[in-house]
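The chains carry the letters A, B, C, D and E, assigned in the order they are written, with residues numbered from 1 in each.
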C-alpha cells in the first residue's frame, strides 16, 4: 500500500516556527530552516559574490517556478532530481555536482532570463536546467545560446524551444508528440470517426488542438466542432454542455495540470457524459493521479495518450516509484521523471566528456544518447536534440480497488512531428 | 423537457452560490468595518485545508467537516483581529492592504510548507457525486447541494440579521455607529463577532469550493479577484447585494461560455465594469 | 438702482419628501454685506450648496450678474467669480498656506496644468498668494503645514483660499464657527476689511456679529425665506423673535 | 541643506523646496555602486531600476492624485508588447522602440482616463482591476500578435546608440535602465514641484475643496493618468528590450499588485517611496527566493506585516515620522 | 451630601482643534431637570455630546454618581444609565420601529407595553421601518428608544424642533408624564424657551461655550430682560 499523501504533521508546524527539534526533515524543510537563519543576516552577507573555490564543482542552475500557481510542478521535478542524485551520488567524472535553485514565480521569461544570466555570470553555472513552463525556457534560451551553456529542458513542452539555442536538449515531451498520437490512434484503432475538441485557450492548448485535429483528419476522421476555454476557468459546465449538445462520438480534451483536470472530469459526469459511451481522449495531465483520485469512479473509461505514468509496468519503474515514495511520500509524475531523466542525461554526458562541462562538448555528448528510463526506452534525436519516446495509450480502470491509468496500447519512437 | 438554457442557468446559479459563500463575509466586514481584508481568501483556504485534512487523514465524513472548517477560520480570524487588524482600523486603506496582503503571502507559504504544493483531491460522499435527472436536465448533485447550502446560509444570515437582537445591533451599528454607542451597544464587540462570522463563512466556502475548483496554496490569491468582484458589484455590506451579484456573475460567466465562448474570459470583467459604471456603489450599495 | 451681483429665482430642493429649500428668491446688490440667519436645520448651508453648485436644485435658477449659472459645474462658477468657504474646515492639511493659496491662484490664472515648469518661476502668482495671506494675517505661518495651524488661523485660511479665486461674490458659511469669541471678532474684522466691490453673504449665529457687520439680514426658516430686511427691521420683527425665542402660544 | 525660515521670501521658500538635498545626491551616487561593487548583480539591478520606474509612475497617480489602481500593469504590458513587436516589425533600434511603446501606453492611458477620472475609492480600484484583467485577456487572445502564453518571441534589440550591446552581464541593461529611471525621476521631480504637482497634491489632500477653488479636478486626473501610463509604458518597454522577452505576466494582475505593494511598502506620495520600496522588495525577493525558492512568500509576508506594524505609511513615511519625533523631544 | 447624579467640573471640550466649551460646571441631582438654553451655536449640543463622551475633553472632569467617567467610552456611559436623544433623532433607518426600541433595551420599568402606552402612535407603526416615520413620530421614537434603556438621566437635544404644534403638545404631555411618574432626570436643550422652562426645575444659559446665567426655571421665565439679552435678538446691551 502506498502511504497516504497528507502532509500535516506537528513537526512540520514546529519547523515553520523555526524550532530546532523538528525531528523529521521532509521535502523542502531544510530550505525553511536555512531561510530562518538567513532572514536575519539577509542583505549584509548574501550580496557578496561567492569566492572562487579551488576544486570547482559543476554547477547546475535549476530555474523553475517554485512558488505560485505552478509550484507543485517544480517541487516534483526537484524531487526527481534529488532522487537521481541520491541514487547516483553527487560526483561525476571526479567533479562534484552542485544544484543552484532559482524561482521564477511563474511564467516570467524576463525573470527566467535574468536568473539565467545571473547563474552564468555570478554563480558560474555550467549547465542550465529545469523549466517547467515554456516562457521560462524561452527566456533562458537566449542566454544558453549566447553563453554557450548546455541547457536541459525537463518539462516545457512547446516544440519551438529547442530551436532557440543549439545547446538545448529536451528530455520531457512535446505536446504535438502526444496529441498527434492521440489523433491518429483515435481515428484508427480507437474507431472514432467524429470528434469534438476542447482545449484551454493558450499556447499549449492551441498546439494540442492543432496537432490532434491534423492527425485525426489525416487518419480519416472529422472534427465536428471545437471550443477554446479561458485559461483562468474555474467552472467548465457551460463548455461541457456545448459539447453535449452536439452529441459527439468522441471528445478530445486538453487542460493544464492543477485544479482543472478534476474540475472538468467532474463536469463531464455532472452533464452525464459517460466515458464508457463517449470516447473522451486527452493528454495525460487531464487524468493525472490527483485528478483521477478526485474524480473517483467518474473517471473510469477515460482515454489518454501520455509518455509516463507511475503505473507503467517495468522493473525499472517499479523500483523508481518505490524509491520515490520512500523519499517523498508520494508518487512520481511526469515532472518527476523529467527531472530524473534530465539528471541522468547530464550525468551520462559528463561521463562522456570526462567532466568537461562546456556547452559544445556536452551537447555533442547528448546528441543521440539512448537509455532506459522509468517510462521506457528514450533517446535524444541527434538532429533536433528533442526527445524520442514511446507514447502510451491508456484507459482509466479500477485495478484492485485503486483507480488508475492502464496502458493498453503504445506507439514507439515518436518524434516531435513539428520539427522539420 | 426543459431546453438546455435551464441547465445553463442552474449551473450559473450554482457557481454563483459558491462565489457567494466565499465572498459574503468580505462584503460584510468591508462594508461594516471599512477594513480592506485581502487575506479573506486565506481564511477560505484554511477552511479548505481543514476539510481536506479531516477527510483524507482522519476519515471524517465530508459533511461533518464543514462546521469545523467554519469554526477554524472564525477562530483564526479572531486571533488575527485581536493581534493585528484591530490596531489598523483607523489606519489608511493602503496600510490595511499591505498588512493583509502580507498575511495572504504568509498563508500561501505556510500552506505550501504544511500541506505541500500538491492539488488536494477530495472525495465527496456518493450521494453528492454524479447528477440527477430532472425534466430532461442533468442536475449535478453537488451543485444542488451547493445551492442548498447557499440558500441556508442566506436564510440564516438574513434571519440572523433581520430577526435577532444581535442582527438588529449590527444593522444599528452600520446605520449609525455613534448613535448605537450612545444607546449602549458595544460596537467593537459586535464588529468582532461579525468579522469572525464573515471569516467563518469564507472557511465554509473554501471547503465547499474544493470539489469544484480544487485546492492548492495559491487558492488565497486565485479567488481573491472573484471575491472582490462579487463584493464590489453587489455593494458593500449588503448580503442581498452579494447574493444578487453572485447570481449575476455566475450566470453571466456560465451563459457567456455557453453561448459565446470566444467572450468567455472577458464577460465577467465586462459585466463588473459595466455595473460599476452604471452604479458605482454596486447593485445594492449604500453610498 | 444698483447692479445685482447674485440672484436666485424660485430655487427649490428636497431630499426625498423632505423639502430643504422652498422657492427661494434672493437678490444681492453689488458690494452688499448680507447675513443669512435662521434656526438649526433651516437650510442655510443647503442654500450655499445650491448656489455654488455642490447640490443641484429641483427647480429654479441662479444668476451671477446677468448670467444664468444654474447648469454650470461648481468650478466653472468659481471661475466666473462665485466663491465660498465651508462651515467645517475643508482645507489641504498637508499643504502649507502658501502652497494652498498659490494653488488656488494658479488655478485661476490657468497655469495649474503646467507640469513642466517649476512653481518657483511663477513669481506673480506666488506674490499674489502671499499678499492674500498677509492681508489675512497669515504671513507669519505661511510655511507651516495647515494641519499644524491653530484653529482660528485655519478659519482665516478658509477665507484666503476663497479670496484667491478673486471672487465677485463670496459666500461665508459660519466663518467663525468653533473659534473662541475673542478671535471671532478678528475674523470678522478681516471680513469687514474686504474690498467694497465684493458682495458678501455670510451665515452666522452670533447676533452681535450679525448686527455689527451686516447691512442686510435674511431669515431662513424651514427652507424658505421667512423675512428679510435691515438689522433694525429684523430686530424689531416679532415673528423673528418668536422663531428665535420660541415664545409660542399654547392652545 | 537650506533651513526654512519665515524670513525667506515666498519665492525663495518655494524654490528651496525643490532644491537637491545631500541625501538625494548620495542616493543617486549610490545607484552607480552596482557597476563597481556588484558587477554580477547588474541584471537584477536593471530590473530593480525598471520596477522602481514603474512604481514611480504609479506614485504619480496614487501617491499624488489619490487614484488607487490595481490595473497599472496594463500600461506596463502595452509598453512592453509594443516595444517588442516594434523590434520585430520595424527595427531593433531601442530608443525609437521605447518611444513607440511608451506613446502607445500613454494613448491607452489617455483613453481610459476618461473612465477612471469619474470614480473614487473601491469602485475605482475595481474598475482599474477590471480594465487590467481585460487587457491581460486581450493579450492572451491575440496569439498571432503577442505569442499568447508562450510569450512574444523573436525580439532583437540593436545596441544603444549603435554602441552598447545588451550583454550577458547586464552592464548595458543597467546603464540603460538607470538612465531611464533617472531621466523620468527628474521629470517627475519637476512635475511634482510644478503648479500641476501642487494641484495633484491638492487633489490628494482634499478632493472636495478642489472645485471650490476653481479646479478642474477630472482634467487634472486625466492628465496625471496619461503621464503615469506613459511612464509605465517606458518601464515596460525597457524591460522588454533589456530582457528581449515579453510574456503575459508583464500585463497581469500579479504585476499590478506587486507594484502597488512596492510603492506602499516604500511609502506612497514621497517620490522616493517607489524607488526604496522596489529596491527592498526586489532584493528581498531575490535573496529569500535564493534561500527558499518555495517559501520566500513567507518572509516577504513577514516583511510587509512588520513594516505596517512598525512603520505605518510605508518605510519612508514611518521613518520621517520617527525622525520628526526624535527631533522634537 | 450624597453624590449628585451628574457633575461637570470646569469642562473644556470640543472637536479636534476646535474648542467649543470653556470651563463649564454644573450639577444635576437624581431626578433633577435642567434646561439648557442659548442661541444657535453656543455649544448646547456639544455639552450633551460631552456628557456622552463623544467630544475631546481638553480639561475638567465629568462625574457620574461621584465617579469620574471622563475617559469612559460612550457605550459604557450609556449602560451606566445615560440616555441620549440626538438632535437629528438619528433613527436607525434599516430597523423597524419595534427593533429601534428593542435593539438596545435594558431591563427596567420602561418596556414595550409602557412605551406604547406613553406613545400610542408608535404602537400603530411598530412594523414600519425607521425611515418611514414622520418627523414627530421619529422624535417620539427617539425618546422612546432612549427610555427603553431605562436610563437614570435623559439627554434631550431640541426634541420639539421642526414639529407641528399638535405633535409638540402631544410630546409635552408625554414629557410631563415622564417627569411626574417615572423618576428620571433630564437635561433639555431647547430653543423654545417657554416650553423648556415650563418643563424643568433649573435652567442654564450658555453663551459662546460658557455658562452665562444660571437660575431656577421659574425665575428665569419671568426675567425677560436676561432672556432677551442672552437668547433673543436684541443687542442693545452690547456697545
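One rule holds for everything that comes next: a residue touches a chain if its C-beta (ideal position, glycine included) is under 8 Å from a C-beta of that chain, and two chains touch if they have at least 3 such contacts.
Predicted model only: the values in this text are computed from it and were never measured.
Common neighbours of subunit A and subunit D, listed by label, are B.
Number of steps on the shortest path from subunit A to subunit E, with steps defined by chain touch: 2. Looking at C-E alongside B-D, one finds more C-beta pairs in contact between the chains of B-D.
Using mean Cα coordinates as chain centres, the one most removed from subunit C is A. Across the assembly, the mean Cα position most removed from that of subunit E is the one of A. Chain centres here are Cα averages; for subunit B and subunit D they lie 33 Å apart.
Rounded to whole angstrom units, the spacing between the C-alpha centres of subunit C and subunit D is 41.
If you average the CA atoms of subunit A and of subunit C, the two centres end up 72 Å from each other. Look at where the CA atoms of subunit B average out and do the same for subunit E: the two points lie 44 Å apart. The set of subunit E residues touching two or more other chains is empty. Multi-chain contact residues of subunit D (touching two or more other chains) are listed as 137, 140-141, 294-299, 302. Multi-chain contact residues of subunit A, defined as those touching 2 or more other chains: 16, 28, 32, 67, 71, 75, 201, 230-231. The list of touching chain pairs reads A-B, A-D, B-D, B-E, C-D, C-E. Residue ranges of subunit C in contact with subunit D, taken from their complex: 52, 54, 73-75, 78-79, 83-84, 86, 90-95, 98-100, 102-104, 106-108, 111-120, 122-123, 125-127, 129-130, 140, 142-143, 161-162, 164-165. Every residue of subunit D that touches subunit A in the complex is listed here, in rising order: 38, 40-41, 43-44, 46-47, 137, 140-141, 143, 147-151, 153, 168-170, 239-240, 243-250, 254, 283-284, 287-299, 302. On the side of subunit A, the complex with subunit B involves touching residues 4-8, 12-13, 15-16, 27-29, 32, 67-69, 71-72, 75, 201, 227-235, 237-239, 241-242, 245, 258-260, 262-263, 266, 269-272, 290-291, 293-294, 296-298, 330.
Taken in their complex, subunit B has these residues touching subunit D: 30, 84, 87-88, 91-95, 97-99, 101-110, 112-113, 117, 225, 228-229, 232, 236, 265-266, 269-270, 272-273, 276-277, 280-282.
Subunit E meets subunit B in the complex at residues 52, 54, 73-76, 78-79, 83-84, 86, 90, 92-95, 99-100, 102-104, 106, 145-146, 149.
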